[in-house]
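The letters A, B and C name the chains in turn, as written, and every chain counts its residues from 1.
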């Protein structure tokens, strides 16, 4: 378990939690120390993101551990503060606005529940609706507004109680792509003004990268990687994280060699290998190897390293190409997925690689499943870092 | 031809509909329309209708006060005994009402589990009172309401409860400001069923509360008592009950039920 | 055969169906064997008609007697509505009035008399010792509804004796009245002498002096053209039947009036 250290680690964490929830067939065990600002929990379905969030809210009781918000203990050592007595705001994938109340009364619900007089609560609600651009729709019922507007109202409702901890569970996942883009921008703007701690879950890296100050990756109930977005993008440490940030992640042993070999097992005697034979650094993979342009900082020969390759840096050929790229493999096409104008070609049979090419390229190469292709990657496109 | 309009299905449906409508039509045919006013003026009619109005109203108030929280507990409790409680609540649905009346006597009668001490210590006797009528009606009507309302409460997304809790609403506030307003259609449907059941209650009432004009003789008991003495008054009373039921259910149907 | 009768007595509705079948059989002129005779009778006759019917069946081999019991007013209505009964026996002459002429086959025979008695729970919590105690406002008293003979007899008794009891409920028939007493839910109930005699362990009786009591005369008559129906009516005044009736506490058949 890697505790999350705040980027500016001189502060005491604003939120300090150790969440253990034992459901028998699933155990969540997560430590979170976050500063003020936005922390994103990312992970595949079933990784425990939502459980972690409901545990922070007090909706799921902890088997063990604690939740401290600043100096206040919310959970742990026999304490269990009911959700309504914690200062949390919760926004879910669906807005979950109360259908029998207007947007105004939905937003005023929290202040009213916390004892504010009706008129004051409505004033506060109007203010919050205005901050998300919905003041014109205050009198509407949830069924009479769009999904994006409803989600903004849900955010206004959660913030109207001045929560110390704002929890967003996949807040954009139920929106269509266009609405999601606009709502993401609204959310980012609103969160900048929010002074407390925000924890959001997502499986969309764009949410995390645009909204969060730090990322926490969960897989099977455990933290697998933490860091700032820049750090995580540069140095993913699990296959899931790498695929999320869109990179190929390979793991192997760093080797210093005089001679460069290719996957086919034949010595690749290109003009370059002759000129820089003394500088030959490779990563030995299972059954293959990667040629590097330069050695990784902080790692020596014989050590385990991670290597990432941007899918866009993988070039595909139907016949063996004449290329300056020092990494060349003949691979099998396992599958092709299309998003927008781009296609991702999943390759196997020696090295597991994903290549991202245009749809035009797919057509030109006549790519089909099971076909053999040549894949080339320049040594300069391979980034390595210590494991 | 669509399977739903096959002739055999239509014939069966027609027979079923006729079976329900024929006795109602026969009742209307037997009414002495010119003298209906006179028959309605018979003491048994006014007395029993007034008593039925009073007792079913009291029953509905109790049904709402007790049934709504009960339905909510059954809908949301994860306790392993909840399934048992859910099954037990429905027992009066299948129990012959007379047996219900006997059971009420065993509990609240002068020699009953609770009725005995109640009389010995406070001098309160329950059977043969209007209170006993309300209890008999409550006993048979409450399960109808609870089953209907629990169904719509269980269909209510739990995330509404969760969001309300994070907004600072305790369980009680959530219940009144979120749950109840959201299951109003279910409450209306359950109320209609429960009210109809309470209005028609006979077996448990005559067993537990007896039959005394103006005190425990509700409209169905009045029909039964009058049938052999003054059949036209019984028919007139039956027609009034039929009309009231049709109007109330009709209003509820257009207003609340699809 | 006994079991068959008991089962039939369980539900009036079930019996109506059986009775209808039996009537159909009879009119088709079926031979004497396997004949069914349907008797509908007042609730207060429940216990005595069983042995009387057994005797009748003994005298008429191949005949089955099926019986149904309810309040007198109810069984008269059942016959009027075409219940398909052969013999009607009631607990009071007044109850015969609503019987339609088309169902009157043969003469009315008065076969027994009965008198009211105060039934009290065995421990007599109300301390009832006589008729005059019934006017005590602290007592809970039940009686039959006025449309049934035990109810009209009770009303007559109250009027005649100037009693003003606090009636808690007018029960639909005499058995329901007796049950309320048995359960201890009331302090006293006005039932027939024979009902108290039939339930010696479950209720206690407080007799009413003969000179203050009201006498109910029990009529019976054939209500179908079935020949055996009149035989059954005649059987009711036979020595064997009369012995059973008097043993149960009924008064002997009054002289024909």
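Criterion: a contact is a pair of C-beta atoms (placed from the backbone, for glycine too) under 8 Å apart; a residue touches a chain by one contact, two chains touch by 3 or more.
Computed from a prediction, not measured in an experiment: that's the story for all the values here.
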| item | value |
| --- | --- |
| Innermost chain by mean C-alpha position | B |
| Greatest separation from subunit A - chain, by CA centre | C |
| Rounded Å distance between subunit A and subunit B, as computed from the means of their C-alpha atoms | 56 |
| Intercentroid distance (Cα basis), subunit C paired with subunit B, Å | 35 |
| Cα-centroid distance, subunit A relative to subunit C, in whole angstrom | 87 |
| Interface hub residues of subunit B, defined as touching at least two other chains | none |
| Partner subunit A, residues of subunit B touching it in the complex | 157, 159-160, 162-170, 173, 177-178, 181-182, 184 |
| Partner subunit C, residues of subunit B touching it in the complex | 105, 109-111, 125, 127-128, 206, 209-213, 216-217, 224-225, 227-229 |
| Interfacial residue positions of subunit A with respect to subunit B in the complex | 54, 57-59, 82-86, 88-90, 92, 94, 96, 98-100, 109-110, 113-114, 157-158, 161, 163, 167 |
| Complex interface listing, subunit C residues touching subunit B | 71, 73-74, 76-77, 98, 140, 142, 145-147, 167-172, 176, 180, 183-186 |
